[in-house]
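The structures considered in this document are given below.
You will see subunit A twice below: alongside subunit B first, and alongside subunit C after that.
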Partner chain A sequence: MLGYYLRLAMSSLRRSPGLTALMIAAVALGIAVCVTSLTVYQGLSGNPIPWKNDLLHAVTIDNWDPQFPARERHPDQPPTQLAWRDAVALLESDIPVRSVVMFKTAGVLATGTAGARPQRALTRVTSADFFAMFDVPFRFGAGWTAAADQGPEPVIVLASAMNERLFGGANSVGRTLRWNDMEFRVVGVLDEWRPLPKFYDLNNGALQEPEEAYIPWGWGLAAELPSAGSWNCWKPEPLASFRDFVQSECVWLQVWVELADAGARQRMQSLLDTYARDQQRAGRLPRPLNNRLTPVDRWLADNDVVGSDDRVLVGLAFAFLAVCLLNTVGLLLARFQRGAVTTGVRRALGASRRQICLQHLTEAGLVCAAGAALGLALAGLLLWGLRLLYATQDGTRDGIQALAHVAPGSITTALALAVLATLVAGLYPSWRIGRSAPAACLQGRPMGFRHTGRRFVP
Partner chain B sequence: MNWNLRPILVAIWRSPTGALLVALQVALALAVLVNAAGIVQQRVQKVGRPNGMDTPNQFVVAVSGFTREFDYTAMLATDLAWLRGLPGVVAASVTSAVPLLDSGSSAGIRNAPGLKAGRQANIFEMDEQGLAALGVRLVAGRAFSAEEILPPAQGNQALPQILLTRALARVLFPDGDALGRQVYDPLDRPITVTGIIEHMHGNWVDWDKLDHVAIVPRVPEGPQALYLVRTRAGERDALMRRVEEHMATSDPTRLLLWVRSMSSIERRAYLADRNLAIFLTAVTAALLLVAALGIFGLATYNVAARTRQIGTRRALGARRGDIVRHFLLESSLVTTAGATAGVALALAAGYWLSVTWQLPRPGLLHLSTGVAAVWIIGLLAAWQPARRAAAVPPAVATRTV
Partner chain C sequence: MLDMQGISKIYRTDLIETHALRQFSLRVEAGDFVAVTGPSGSGKTTFMNIAGLLEDFDTGRYQLDGTDVSGLSDAVRSRLRNERIGFIFQSFNLIPELDIFDNVDVPLRYRGFSRRDRAERIASALDLVGLRSRMHHLPAQLSGGQQQRAAIARALAGDPGLLLADEPTGNVDSLMARQIMDLLEEINEMGTTIVLVTHDLELARRARRNVHIVDGQVSDFWSLEPPAPGLHAGLVPAMMAPA
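Moving on, here comes the complex of A and B:
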């Protein structure tokens, strides 16, 4: 039956190609704009590590000013980063399966090969669990052990792009290079890895690229590495040296823990609270107890990764789709009306209302499917345009550019929108034509329009 | 003139579906148009606001030392002497941050010792050529002299003097002149205000205190250094190339990170705002076009469906003008109904957007302009079908009855 309906629909659509083209164009435009904005939105609001969402938790402790909350826009929340002494104290716990403390610093990498230019490399100073905890893929070698953090050992992991620039993409494990003029040995090279958003460190932009090199946590103190990320201080302290800074209330470290189950979560929470109470007794942490273990999706929400502008664009896209579909409803009504004589014949020959309705719905579905296919292609074009809009002349990369590609999600979106469009735009006209009387159809006025010219006197 | 609406209303009443669909389109289009216009206007103003600097004639050089032999102080002296000696360079200063470039520091400044609440200020460390390199205007006081520039220091070091933007000076000293007064650092040490800058933007373009900037006479900490260079008009690009070549090779103990014009830094800072405005404008325009097509389609359909009536009316003495007026009036009625619903929808959406996302609420001007625009678009879209209706010859009436 569907095959027959499709044949009928095809021949009907071919009869008035102009109207058909207009309908397809309207649906395609609406779907294209929706797919474009939803593709970017999905990229922004997506959880890059959903399979570990319930395991990974950002750790935060409120060590802020007694009179002012750390975050103006979220006064109920603690600062997003930790002070050194809190981070180090918590790292000692064996409740988490894995725990990571980290920050980013500026580095310059040189291979020592004659003629090779040194490379600036933003570097993550992190404890060993980072790679296993965030499921970071390796192309060559592996990360380091907890012992290397203690040493600290001069070992380094390179991102794949940096390995490409320094060693032409070859397996560089075992090679030595100079990081800020200190000798380091390459122990691992990452595979392509670009979590979007960069959930584990949202400071300096949620769409930033991951760092290009990774060195053991111990180097932070050993080489007195300053943070190249964001750091915030509230307490009047001299901060005259690196040691001062480390002992201060300034927050600048990201801490994450992997907790096996709800029990571990509870134990970790009580450990945090106990620690905070001890600190309060010692005269620190003047604010009310506010220690948090935040899973990834909540963390992204708490940090406003999806901005109001992004939501406005999605709303706008759906308003646009609505107008396009309203337009299509009108066009379909006109289209069905034109084919009313055929419909009347079919009704007269015994086709049921339901069958007529389904047949016309098939025609609407065909239009919307074509619209979705064209819309997807158009969305590809729009996303390309978006990448152009976000192109920068200065070599920096905007994260939107990484998101603005036709993704599997965009195709699913287009399919879903096609079904939605068929139902929204096709259901009413199909129902109308289905319930019109056969005789009225044969007269070519199925929608009940009556010629009553007598009232039209000039 | 016959302005009798009754036959038109009857015609719409008889087959309301098409009219209803078009009115809905108009309502949605108007709601989007009005709110989008408000947001676009806000962003255009944001992108276009003056930053106080000599943007077209400035560029920034970032270098970083990375070897053991690297001597930060010596590098600064050599580089700055070289930059200042270049023909075409008006001024060059080392700076801790670049205005409009998303990375810098802020601190609380207080107007009395012992106060808890300070005023957040965006702090720049610069040398004696700082103001000249920024191209900002001093409205009171004086710039730093070379002897006043302090060596690099970490943390909360005591400072003898500070320059404030007028906007910051006003919030610190609402009662009047800030020049010569004292402000206090976090450790309650006094700092004398020695100059007031007319206007200048700081680091974060989305910060509501973007023009709360303070400049202190100190060389920023190494090993990374930023040089802000201001050139004579028209010489920026040539100088940028020359500086890039020199800095890349002149000193092997350091690395040239980048050279960027202030224009490109400004463009980058407002990229998201600019693009939102572009995207909103484009989609709203497309939406109006689709709605116009809807109006056009309905009018065309009505004309086609009533060809015989038109012929009859013409045969009974209606002039072409009467027919055109009839269809334009019919279309306007639909547009007006849609616009009425649209105004309500626009106000509701605007209220929701402003409460939930702090976006600008559409004003009366936006609303009235939007209604007028939708109305004119409606008339234009119905014009051609109405003309076609007027062209129907009276003889049609006699053919198929």
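Moving on, here comes the complex of A and C:
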């Protein structure tokens, strides 16, 4: 009978195109707003590296002010970054399969080719394990070795967009370029890589693009590179030189470890605690012991990647959908009531309540399916608008731009919302018309009154 | 075929109670042709709705073809309506967006017949009413008389034992009304029981039995021709209830 119901629904919808368009538009608007907000929300709340969630851990040590916690919103948590001396000490451990210590700096890249414009490049100064630990894909070449960190060797890895700008996308491995006033040799070019959120360094915003160039960790100290990322200090101490900064309690380094199993995690935690106690005995770390190894999903939650504003926005989007569906319920009720005589005739000719209910539910389903299709198209437009709104002057993509795309997840969301909309908007009117007495339908007053045995009630 | 005993139906609102039927009793045997007359508001339509299982009643007992219908589920009542009862309405009640073929198809769809069976039954029913050539016309493209004939075809397509006709000639001219009565008589002669509600006493006189309803009760009944022994004796006097 489904085919028959679909035919009847199509015929019924064609009979009053204005009302049909109104209902479809109401559902489409609600679904479009929901899909848009959910697409952005899902992008924000997703774990970009779930397959290594239990292996990768952010390392934190509480070296903060004894009087005030490092994080006002999360007073129980240590600072999200480490001081130089702690980071370097932990890098020595052989418990992790891989360890990474890193920070963000900035430089200017130039190929030296006549006419080629130098390019400003946010650069990650990192230890060699970065690429293998975070499963960073390479288009050409590879990363560097631990020896290059020690050297440090003048090698550099470029992001694909920077390689495009500097070398027109060609294989630039082996080519040399200048990073600020130093000459570097390209050893690798990344493929498209856009972890969202940028979990490994959330200090400057979860939606930031990954850096455009990567150089060995050793250059941080050797070239006394300043941090272009976030850094925080609490202790009044001299910071006149880079050496002062390195010796200070200021936190500015991100440290991650890859631990093979729970045993390794336990050993690493012990190491952290032992190290912290040693430091306390040496007069540092005045706060109670609070060292953490935090897996990726927990790390994203602890750092409020999905803020309460985002959740409120999604809530508002669903509230808007509810209002749209409420309107659709009203329109469907009006439509079904208008076709009550025909329903009465069908009942007289043998249709059961269930059959009438299913017939009308099919019609509601068709409206919601059309609404979902239109809503998805509208969501595409809204997301496109968002991309325009957040377009950057230099053509690079901002975080919102990267998120604002109709993805397969958006289509699934739209379909799920269509089913939800059908159930919410269609079930009650369909049930109501199905429950109406056939005689009342034939008289054109299907849902106004029903006989309860004692009295007629609305 | 149809046996109602002591049926009462009261419509209530917060302000008033309307006794649509009071201790209404009537028996109609298979093959009969009964005309029901009465003034407006006398309960004729309520009687037809209850007889056609379109509406519940408050008290009494109603047996259709020996089946006590009180307490039946909606699904069973719907199946009984579909299989045993055909309806003809004053305003034809054809579904405007469906052509005649699809209109006649409606009860057959709910019956679950195969496509081929449905096509055969539709053709046969339209043949009977002389509308086979118009099967792909929309109702709006037919005259009032043709529409009513199409409605009769729809009522007959499922081969029901009982045909309930509510003012079937109310919306057509007198010539067409006579033709429709001729058709109903023909159908009755083929063995289908007919209960006809009408205001038109001339048409009512063409039925084998007449029942007159006033204030929800059978006030009078008569037979215009002597019933064949044993065939129409089922039309019994109304069981009058105290007012």
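Here, the second predicted complex is superposed on the first by the 439 of 458 C-alpha atoms of A that agree within 3 Å, B and C clash if a C-alpha of one lies under 4 Å from a C-alpha of the other, contacts with A are read in each partner's own complex, and residues count from 1 in each chain.
In this section, a contact is a pair of C-beta atoms (placed from the backbone, for glycine too) under 8 Å apart; a residue touches a chain by one contact, two chains touch by 3 or more.
Since the structure is predicted, the reported quantities are computational estimates derived from the model, not experimental observations.
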| item | value |
| --- | --- |
| Subunit B versus subunit C as contact partner of A:341, first or second or both or neither | second |
| Subunit B versus subunit C as contact partner of A:118, first or second or both or neither | first |
| Partner chain(s) touched by A:329 [first = subunit B, second = subunit C, both, neither] | first |
| Touched partner set for A:108, first subunit B, second subunit C, both or neither | first |
| Partner chain(s) touched by A:245 [first = subunit B, second = subunit C, both, neither] | first |
| Partner chain in contact with A:350 - subunit B first, subunit C second, else both or neither | second |
| Contacts of A:4 with subunit B and subunit C, given as first, second, both or neither | second |
| Residue contacts with subunit A in the superposition, subunit B compared against subunit C | B |
| Partner chain(s) touched by A:15 [first = subunit B, second = subunit C, both, neither] | second |
| Overlapping contact positions on subunit A, where the subunit C interface meets the subunit B interface | 451, 453, 455-456 |
| Interface residues, subunit A side, partner subunit C - complex | 1, 4, 11-12, 14-15, 341-342, 344-355, 437-439, 442, 451, 453-456 |
| List of subunit C residues in touch with subunit A within their complex | 11-14, 49, 52, 54-56, 58, 74-75, 78-79, 81-83, 87, 89, 93, 95, 97-98, 106-107, 109-111, 154, 158 |
| Subunit A contact footprint on subunit B (complex, rising order) | 2, 7, 10, 14-15, 17-18, 21-22, 24-25, 28-29, 31-32, 36, 39, 64, 66-68, 70, 102-103, 116-117, 153-157, 186-188, 224, 255, 257-258, 260, 264-265, 267-268, 271-272, 275-276, 278-280, 283-284, 286-287, 290-291, 293-294, 297-298, 301, 305, 308-309, 312-313, 316-319, 322, 353, 356-359 |
| Residue ranges of subunit A touching subunit B (in the complex, touch as defined) | 22, 26, 29, 33, 67-68, 106-108, 110, 117-118, 120, 180-181, 204-205, 236-242, 244-245, 308-309, 311-313, 316-317, 319-320, 322-324, 326-327, 329-331, 333-334, 386, 389-390, 392-396, 398, 400, 432, 447-453, 455-458 |
